[in-house]
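Notes for the one structure printed next.
Naming follows writing order (A, B and C), and every chain is counted from residue 1.
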Amino acid sequence: MNGAHDCGGMMGFGPVRAEVNEPVFHAPWEARMFALMSAMGDVGGWTLDEDRAACETMEPGHYITSSYYEHWLNGLELLLQKHGLATAEEIVSARASVPARAVTPTVAEAIWPAVTAPGSYERPIDAAPMFKAGDRVRTRQMNPVHHTRLPRYLRGQVGEIVACHGAHVLPDSNSRGLGEDPRFLYTVRFKASDVWGHAARDVIHADLWEPYLEAC
Amino acid sequence: MPHDGHHHDHDHGEGSELSPIALRVKALESLLVEKGYVDPKALDVLIDTYETKIGPRNGARVVAKAWTDPAFADWLKRDATAAIASLGYTGRQGEHMVALFNTPETHNMVVCTLCSCYPWPVLGLPPVWYKSMPYRSRAVIEPREVLKDFGVTLPDDREVRVWDSTAEVRYLVIPERPAGTGGWSEEKLAALVTRNAMIGTGLVSLPA
Amino acid sequence: MNGPHDMGGFTGFGPVLHEEDEPVWHSGWEPRAFALVLAMGMTGSWNIDEARHARERLPAMQYWRSSYYEMRHYALILQLIELGLVTALEEEQGRMGEPPKPVKRVAKAEMIPAILAAGSSYDRPSNRPQGFAIGDKVRARIISPRGHTRLPRYARGKAGEIVAVHGTHVFPDSSAQGQGEDPHWLYTVRFTGAELWGKDTNDAVCIDLWEPYLEALA
């Protein structure tokens, strides 16, 4: 989706303001929000990709004027409804009125092992990668209405493969509950001069899945 | 900043408390008048002009004349600015006019993705939806979905041609004349023509 | 600039909500805000491109959350303060604190009808040769200027065909930056939906583009 989250290349947001000795959370509610999303993510039945997609569906004006954890809050509220864990009315009233779907919450003792357990999004597949380091590729000119990780500013651009990471869960599929559909994931290098048309010698790297790319 | 922007600013009756933006506009008006930059009566004339004198009835007259007068339609195709000026519609935001004729092959639709450019002398001030983010963002990438928002569905084989008004050229859509209007007067035809049809988000049809 | 105004191609803004028999104004302050913008424009303190660029330079968050006339009002304030016609304190208080600056013209009520009817043409004579003709295939350049431009992001790098030639017009990229009118050839370029969006569609978008935005397609 070409949503407000896809802000690569946008001007007008002003300078990047770095805070000295920035705390982990800026308000107690942020900490609660962080914990709620993490705890519900363990039991809710949605994937990380679905979680991202939910955060991106916020009304764009609301999205860019709200803070990071507000995006999470909106995403979580949406996911709870979608997965039958809470109704809109319950969220507004902050009271449970419908019998909850049975889930087993992660107990406090299990958090540390869960957080530190090695995880992976790599999945072996029975295919060979189409591209290898050094290959020239062109990103597809695609504008899906669903979640994707190919940003608008990199569509239709020519770049060079610099690494292959094996086959990884494809967000475009996984975010829609259509399965993990693992595909080869590459790091692709683009010249800033190609992407933006100015003379800079800078380069941009993006991690892109094989369906985003075509040979050129 | 001493204000906040809401999408829907609620109007307040006379004598009741004004919204922050209403207060801010009022304060600026009195300041600019005090500084002598603007004539308060000129503001009244400007408002009255676009509230009561210039509006989509002008464009409807252009369309009706194009439907009934082939020489005028031809002139409109060659030099819309001059043809439209011959009816007395000239001026601001209509300095360089182009008329887009809908046909069974092509449906035209006008947008300004970068601001809200609109042919004022023939259509007046644009409606809120024309200036809204959904229209400005979606008209170029999914025009048929936008048309559905207006209840318009076109055959797949008809080209939807969107015109993004990036310069000072202003576009007026000349919709197709509905069947069953043979022999109608210009006035009667003009009454059928809606603003949306002249932007390209509507079609002209006979009253049910 | 790649500002918040450059809306073409976003798809997350929801349906187009249209109102039956919509009134010209939705609130009493809207006509006053509209008239102030027009009347201050008539003082000759800025041109149309500078006014557009002021709107684009509003903070993106403010731009996307404001209604149309709010946005116009905030941009007017920005221009008034930048040019020293009004100070921030005066704006806040709504009272004059410093003497007015001279302006080129103050439009009186009786002058308004003639000013509006005359409009202001944007075509200018130029000795520049016409680079393209109807039917020529062109590609919109990939540019990302920090200043004002009327080449939308969604068209950059895309191939299209010249379908109309409008003569030489004031070039916004120069005019908005105080670099004069710098007239260039203005064309309408037709891009297919397939080229712009990669979609299988028979739709097309026509965009008015100046010659410096275009290069010949080999």
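Operating definition for what follows: a residue touches a chain if its C-beta (ideal position, glycine included) is under 8 Å from a C-beta of that chain, and two chains touch if they have at least 3 such contacts.
Model, not experiment: these values are computed from the prediction.
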Quiz item: Of the chains present, which has its C-alpha mean closest to the combined C-alpha mean?
Solution: C
Quiz item: For the chain pairs A-C and B-C, which is connected through the larger number of C-beta pairs in contact?
Solution: B-C
Practice problem: With chain centres taken as the means of their Cα atoms, state the distance from subunit A to subunit B in Å. | Solution: 40
Quiz item: In whole angstrom, what separates the CA-based centres of subunit B and subunit C?
Solution: 16
Exercise. Mind checking the centre-to-centre distance between subunit A and subunit C? Centres are C-alpha means, answer in whole Å.
Key: 34
Quiz prompt | Per-residue multi-chain contacts in subunit C, two or more chains | solution = 9-11, 13-14, 64-65, 196-197
Exercise. Hunt down the residues of subunit A that sit against at least two other chains at once, touch-wise.
Key: 2, 60-61, 143
Exercise. Give me the residues of subunit B that touch two or more other chains.
Key: 7, 133, 137, 141
Self-check item: Contacting residues of subunit C [partner subunit B, same complex]
Solution: 5-11, 13-19, 22, 24-29, 31-36, 38-40, 43, 48, 52, 55, 62, 64-68, 70-71, 73, 76-77, 85-86, 90-96, 100, 103, 106-109, 111-113, 115-123, 150-152, 154, 164, 166, 169-170, 172, 186, 188, 190, 196-197, 202-210
Quiz item: Given the complex with subunit A, which residues does subunit B contribute to the contact?
Solution: 7, 133, 137, 141
Quiz item: In the complex formed with subunit C, which residues of subunit A make contact?
Solution: 1-4, 9-14, 56-57, 59-61, 63-65, 140-143, 145, 152, 155-156, 194-198
Quiz item: Within the complex, which stretch of subunit B touches subunit C?
Solution: 1-2, 5-12, 18-19, 21-22, 24-32, 34-39, 41-47, 49-51, 55, 90-96, 98, 113-116, 121, 124-125, 127-129, 131-144, 146, 149-150, 156-169, 196, 201
Exercise. Flag every residue of subunit C that touches subunit A in the complex, lowest number first.
Key: 1-4, 9-14, 56-61, 63-65, 141-144, 146, 153, 156-158, 195-199
